[in-house]
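My questions will all concern the structure given below.
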Amino acid sequence: MADASMLSFLPDFAPTSAWLVWILPFIAALIIPAVGKATQRGTGWVAVGFALMSAISAATLLPGALEAHEVHDQVNWISTIGIKAGVLADPLAVIMANVVGWISFLIMVYSTGYMKGDKDITRFWFWMMFFIGSMQIIVLSDNLLMMFFGWEGVGLASYALISFWYRDKNKDHVGVQGRTVLGLQEYYAPTHAGMKAFIMTKVGDIMMLSGMFLIFAFAGTFGFRELMHDTAWASAMQAQGLLVPAAVLLFGGAIGKSAQFPLNEWLLEAMTGPTAVSALIHAATMVKAGVFLVARIGPLFFALAAAGFALDQFFEVIAWVGGITAILLATQGMVNPEIKKVLAYSTGSQIGYMMMAMGVAGLSHQYVDGYTAGFFHLISHAMFKASLFMAAGSLLHVVGSRFMTDMGGLRKHMKKTYAFMWAAGLGLMGAPFITTGFWSKDAIFAAVYESGNTWAMPLFSIAVLTAVITTFYTTRMIGMVFFGDKSKHIEHMEKEGHHVHEASLSMWVPYGILAVLTIGIGVIGLSAEHGIHELFTEYLGHTFHIETEHGAEEDNGLPSFLAGINPVALVASLAAFGIGISLGYVFYIGRFVDPVKFVNSNIFFYAIHKTLLNRWYLNAIVYWCFVVAPLWLARGIWRYFERYAIDLGLNVGLEKSVGWSAKVVQKAQTGVAQSYLYVFGAGILFVVLFLFL
Amino acid sequence: MIEITSTPIILIAILGTVGMILPVMSVVRKEKGSNSFYAAIAFGALIASIGYVAYEVVSGQLPPAAVFSADVLANDSFSGLFAIAMLIVAIITTAGSFNFMRGQAHPPVYYSLILLSTIGMVLVAYSTDLVMLFVAWELMSIPTYVLAGFMKKNPSSNEAALKYFLFGALSSAIIIYGISIVYGLTGSTNIGEVMTGLANLDPSMMPLALLAVGMFIAGFGFKMGLVPFHMWLPDTYEGAPPTITALLAAGTKKAGFAAALRVIIMGTIALQLDWTFALGVIAVMTMTVGNIAAIMQKNISRMLAYSSIGHAGYILIGLAVAPFTSLGIQGSLFHVLNHSVMKGAAFIAIAGIVTTIGITNIDKLKGLGRKMPITSLGLVISLLALAGVPPTAGFWSKLLLFGSALETGLPAWAGWLAIAGVLNSALSLAYYGWIIRKMYFEGETEKKIKEPKAIIGVMIFSIIFLVGIGVYPDPIIEFTKNAVPILDNALIISK
Amino acid sequence: MTNTMLDFVIVSIALLAIGIYGISVKRNAIRMLFAVEMIVNAANLNLVAFGRFLPNSQGQTFALFSIAIAAAEVAVGLALIIVAYRMYKNVDIAEFRSLKG
Amino acid sequence: MADAVFLGLAVITIGSAIAALEVRSLIYGSIALMGTLGGIAGFFLLLDSPFVAMFQIAVYIGSIAVLILFTVMLVRRQLIFIKIEDKRRRYAGIGLMLSLMMGLGAIILSSGIKTVTTDEPPVDFRAIGADFLTYYWPALILMGFILAASVIGALTLARREDLTNDQHNA
Amino acid sequence: MEYALLQAVFLPLLLSPIAYILGRKMGPNAATWFTFGLLLYCTFLVIQVSLSGSYEEHYVWTKLFGEFGFRLDGLAIPFAVIIYVLSTVLALYSKPYMLHKFHEMYEEHVHHSHSGSGQTTAMVESSEMNTYVNKQSGLYFALYLVFAMGMLGTVLATNLIEFYIFFEVMLIPGFFLVAFWGDGPRRRISLMFLFWTHVGAVVLLLGFLTIGLAVGSFDFTAISEAKIPQDVLMLSAIAIVLGLAVKMAAFIFHIWLPYVHGAAPTPISALLSPAMIGIGAYGVFRLIIEFLPNTYADMAIWLHIWGLMTMIYGGAMALMQDDVKRLLAYSSVSQMGYILFGIGSYSTLGLAGAEFMYVTHGLGKALLFMTAGVLIVQCGTRSMTKLGGLAGKMPITAVCSVIGALTIAGVPPTSGFMGEWTLFAGALDTAVKENAASGATLRYIAFGLGLVATVITMSYMLWMLKRVFFGKLPEHLSHVKEASWYMTAPMMVLAGFTIVVGIYPDLFFEDIIPYMKGVLGV
């Protein structure tokens, strides 16, 4: 379908490569078990090879995509219902596919080192490839139903990988053993965590399904392009007042997958998986799927909003969910002792940013700005978060503990990791001007600030506050891990002869690359953002017929690539970075104030710290309401209704009552002939009289 | 006048002659223990009779059951059907007695009484005159009083016979009473004339007619085992020799239905009464009491006795809806035929069990499936057929019966008959299943023992009959359709 | 005829009721036989009475049949009672209750 | 209206019926039964059916009642005089009897039967013979079978096996 | 293919004595392979016939009750195919499981009868045991064939009475199979099974009779063309639905199911649970939706709500179970609720989804029961508290079990998802239409709660997997091995099948959707 202008003399291979992007990982997944039978080591190479091939075929789509070409190829699928499967490689999808493909590839390379020697390695590769393939389905599918296949595939893979170490050894748990919140232990085994992730995201999934079905009920199709093509369905839904609910429900899927409030709690326990998995989940696949969903359906709703449909509530929901999540998770990240969990909180919080951006994009009618900002942040976050996770994985690998309190002073031993972590960490903090994180976050600030909506200022303040906290906890993390003295744990290890050393080549290279990229692209970040902005402007305009107002940019009088910069946002962002890093420096790098003493110095701080450490009690409340209470209810029903009322009533009771009446009848049969004859005589009278009635 | 070659006369001739000759022969021969000899003669006579009837049925010489003739006996499909059913029962009983009577006293008398009683049973169905019917009824009953008490040394046999006799005597007196009233109202004893007489009855005489119907229900209901006239039945069935119980349960009981169909139904159709509701109530009571009482029984004969009370209730469904649909009587006839075979076979199986291992307690039937495989199989098939499990013959007749109660155009209560019937037959599975469970699922170490050949024969016959009809019921359904009496239009209640 | 049919029928009903009373109360088997005979006679009376008032001969014919049959029945009944008496040395029907339930 | 003869017969019949059931001695009871049967025979005569009346006397009083009497004689002496009865059953029986009488009586009284009278001449009893031999002949044959069966059956039952065996052996 | 369906139905019945004799004379192997081969041939017949779309056979039977026929149309094909495919693969699976069971029972039996008596030599005992096992396996496979045949006959019947007969015929072997080789108080439970389902069946029969007599014929063709008087309709429809609800184990009537499916020998559970009780759903489709469309329109909402209650209730009860098989049994209750829910949805998609649920439930639940069987054979227990961490010990079983669980939970790419989404999409479709028409929100609520039930489903499934296959491996299971190929190969076949169907549902939708459209007159 793409009219390849440059390569028109060649056969059109773009559709094929678009298909291949997601089919290749599945092929790999299929052959890996077979290979694993023969050689376990070989599976890694197969996986990495296929991941590379998939990434390459994604890359081949790039040239076309940068020209805003669109590849749309369909095959019959469920022809009886008129549903087709297809790939839709528009710029959005292609960029995403590349992000996913390449970052996954790097993570796969990293995994060859990280998972070396694990006896279940075949299974690991299988699921990793399954994971990537599913994610690519989400990215490239042209309709909601097929996307849902990938969607659940991702959930399934995350379930399998989070509980990868299914033997539930103590070292694979997360949380602190014995610590209870509201009477419930917050200490989770991998298998538990996997279940939790799968079921909690399932809640989001069913919301998404309801949204899909609502739209399907009116439109009769799941296809993104078909939905765009004829919007009569939207009018019909609006008339019934179902448009906003459907959109919000659809967004519910994103809430679940992206661990947004209120379905955020699974993300932390997901840290039980191997770190490579966490990296994949947080950087490239799972949680990004939610943002991608919003990015995928966003333009459709922008277009509808532009066409006069009242969708503000929908966008407000997105923005606010993003905002709340951003601050909620960021605050918790400040206090958690487990390195991966800190990163996980950070992920949720960052995703909140993206959601916020997408939401305000809809609110502001400056669709492209917010949209671009959110998506750009997705890309930059993918890079630095993958890098951070992999680095954290190296730390875990080396130190053998997930607690930051067990680390400390590692900067001398793991120089490369130290450096890369700083680089990526700066990206997360949004260090001014040199990191991608800065530019993308700044774009979000700008978009939020400029949205001109009632909610603009509250959201903006939340965003800035979150940025302060983000900087603080990132500094804290780096400070706790690399600065200060060696922890008792490390001293103990060294006594036993284990020396702390740098991670192996296959491990540090991938996160090195990503860390370098974070800085590298950061340097040209503004123009990169501008490029994406341009691309998306064209994309939205071309495909969705959304006219972008260029008012704000032209007023600045700055060069076009600087047009997106908003001074207020810039200042806020700089200030946030400054405040955050200084606080972090005081507590964790310079170590002028002992954080523990600081917290304990004041009942107020103590209470806050405890609340944050207890995850705002949200996790416990969720468990009480949705696990403990239903189970309790079910047990009650089981004990008193099923076993007594029904079982006793229907099975035993029926039996007994029949037996009882049998006894009565038998009693009447006394064996005395006179009685019988008496009954006979009475019977005559009875029958005769009965006939008269 | 009656032609000398009509079926009933031939049957009287064959069976009566043989029946009378047997005791004489015993006096002449003065031999002991030659049970098989007499049995064979009786058996031969019965086979000849059934052959004759079957020949007439198959060759289509019997007219469809129709208007009542002016004679005392009619020769139509209705009576043909009953004749076949009764003769099958008699044959089964005789065959079962080959072994059962071995070593017992007075075999010639025994067989002669069976033959005489058979004449009675058959002629009840052939009668079209109340006097004839009554005489045949008594000919059927009196020998069975003796037969029930035939085990003179056995107290329970005697007790059973006494109870049976008292009830029988009382009920025949009641029947005469009923007949006397009907006679008084119409001036005739011929059923055909009675019908017309009743149809044109002076309204002021209606209470008397109702009294007569009530008396008939009580009198014939005793034999059928309708509640509340059923109480003798379990005691007698338990106490009487099992072969005779087969005769009672499968044969005389069906004669009760033949009489009821001839007299109660036809008469009351003519009376245009709303009497069917009473029959419906009795039907429900009968099947419920029968099935419920059967559940806790320990003695297999007694259990089957209660089960046959239950079945009387099912058959009565067909009678209760008879004025509204011909399907009802068709179902009743079909079930009568099936029930004769199933119950007959079941009791003969028990006779076989009693003669070989002397057990009637259900709990002691453990492992019978291994001890006596063919007998057990026959018993199981009979029980399943009684429970109405497809594909056995019992299923189809129950189907017709319950179906008839659900036909459109029936009074509102008819549907409840079907519901009651269906629930009862589900309930009945519980105790049939209980026996099967004991025979097959428990006691796993028993060794096989020799089964009496005659009983094996009966079992094989019943299995073939029940399953064969179960698989391909059409001929019998058609036959029963023919056998449904076609009434004068004037007599049928307009729907 | 000076008597109406009703008179005979009423006697017959009374005899029937007495018979049923007898058969359902008396424990002596022979007395129960008495009661049965009363009912049969009540029926016979009915038959003959109806036959007279119709008038018709069939009533009488039937009454004759009925009498004969009653004789046969009584013979069998007495035989059974005698067998029972030999076994139990008793004719109390209420004592014969081994079959029940 | 009923005449005196009828009333007398009715009193004899009903009275002796009650006596037959209630008299202490079985022997007197049997004799009372004869009274009842005789009363019925009287009614038959009153109904212009002498043939049936004769038959009634011959068969019932002549054979059945005598048969019963002999049976009574056969049983042990104390059994003849013992009268054991359940009080409750007795009252229930009387209740049943009365309700039967009233119920059935009410039915009969409510019907048109009370107006039935006849002035026609009685049936010639030769018609009975004609009936027997023409219309009812199959029934007559069966009647024969019944009697035969009852005789065979009764004899077989009543026969004392031990005695016959002795005779055989002798 | 003349007589193809006649063969497919009656060959197993007629040849079941041969299976018995083979078992007795030549042992379980011969009987297994004979059964397998025979069923394979019959499955092949069914599939080949079904490829041609609609297909019918008719034979003369009775005048009153109509003719004896077989019909394979869009509705029957998925049922027929699943029934025979399951029967075929489970025949193989039966061998090791039943051998295990026979041995266990023999020990019990020997222990029982020889307790106290002198010692018998091992030689004698082993030969005795062989004859015992041969006998038992012959009987088992003979009954198995009849059971399979009864189920197929029911879905192919073209006549109400024929339907009923097959409906009952499958009961009897089922009863014996449970009674002979069940676990626990097997005789009592088998009687319970017989009693409940028989009660259901006879109530069904009442409905049949009412309809048939009102129409004057029991043939499906005649019924679908006839006009049935209104007063008869509702009554008979209620009777039919109640009768079938007992079979389907809908809420309140479900009480027999956990006992029976828990106690039945596992291959039979795997047939009973998905294939047999689902036939209740077939009945609703055929008898209510196709023949009594107006009544169906009236009662759809009640079925919808009943289905909803069943699915939530079954799921909640499944959460409470410790016994794997009982859990699966309750899960079946819940799944039948889904089907009922779909039936109540009153839309093409919903109905198609409901029927598709039969397919997927058939595959998924059979897989899970087979897993349970493997656990019983290999671990000797089915209490989940005594299990755990088995994934490493029996990877194939674990994988198949996970696939089965996902199928039940409706996770793509298993077939479960295809059933579920169509079902719910259809339900929502009707909800929207009804809301637009009358402002009713009941169906919205039902839809929402239905989705909640899917979460419950997922919870108990995952929890089961966690307790059985994941977590710490208990000491006493450290020597557990993977099951034999007889057991794992059929599981893999089914696992593959569910994924193929999940990815390419047109395999079945091709038949189902046109049929459902036709039925609803869309």
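Chains: A, B, C, D and E, in written order; residue numbering restarts at 1 for each.
What we mean here is this: contacts are C-beta pairs under 8 Å (C-beta built on N, C-alpha and C of every residue); 3 or more make two chains touch, one makes a residue touch a chain.
Small disclaimer: the values here were computed from a predicted structure and weren't measured.
The chains that touch both chain A and chain E are B. Averaging the CA coordinates per chain and comparing them to the mean over all protein CA atoms picks out E as nearest.
Set against one another, B-C and B-E show the most C-beta pairs in contact at B-C. As a whole-number value, the distance joining the C-alpha centres of chain D and chain E reads 69 Å.
The distance from the centre of chain A to the centre of chain B, with each centre set as the mean of the Cα atoms, comes to 78 Å. With each centre defined as the average position of its C-alpha atoms, the distance from chain A to chain D rounds to 102 Å. Rounded to a whole number, the gap between the C-alpha centres of chain B and chain D is 30 angstrom. Residue positions of chain D touching 2 or more other chains: 89, 92-93, 96, 100, 104, 107-108, 113, 136, 139, 143, 146, 149-150, 153-154, 157. Annotation for chain C: residues 5, 16, 19-20, 23-27, 33, 44, 49, 51, 53-54, 56, 58, 61, 65, 69, 72-73, 76, 79-81, 83, 93-94, 96-101 touch two or more other chains. Of all possible chain pairs, those that touch are A-B, A-C, A-D, A-E, B-C, B-D, B-E, C-D.
Of all residues in chain B, only 130-131, 134-135, 138, 142, 145-146, 149, 152, 155-156, 158-163, 165-166, 168-170, 172-174, 176-177, 179-181, 183-184, 187-189, 234-236, 238-239, 297, 302 touch chain C in the complex they form. Across the interface of their complex, chain B is touched by residues 61-65, 109, 113, 161, 164-165, 168-169, 172, 179-180, 187, 191, 194-195, 198-199, 202-203, 205-206, 209-210, 212-214, 229, 232, 235 of chain E. Across the interface of their complex, chain D is touched by residues 1-2, 8-9, 12, 16, 19-20, 23, 72-73, 105-106, 109, 112-113, 116-117, 119-120, 123, 129, 131-132, 135-136, 138-139, 142-143, 145-147, 149-150, 152, 202, 204-208, 210-211 of chain B. Across the interface of their complex, chain A is touched by residues 192, 252, 255-256, 259, 313, 316-317, 319-320, 349, 352, 389, 391-392, 406, 411-413, 417-418, 421-422, 424-425, 428-429, 432-433, 435-436, 447-448, 451-452, 454-455, 458-459, 462-463, 466, 469-473, 504-506, 509-510, 512-514 of chain E. The residues of chain B lying in touch with chain E in their complex are 327, 389-391, 395, 399-400, 402-403, 406-408, 415, 418-419, 422-423, 425-426, 429-430, 433-434, 437, 441, 444-445, 472-474, 477-478, 481.
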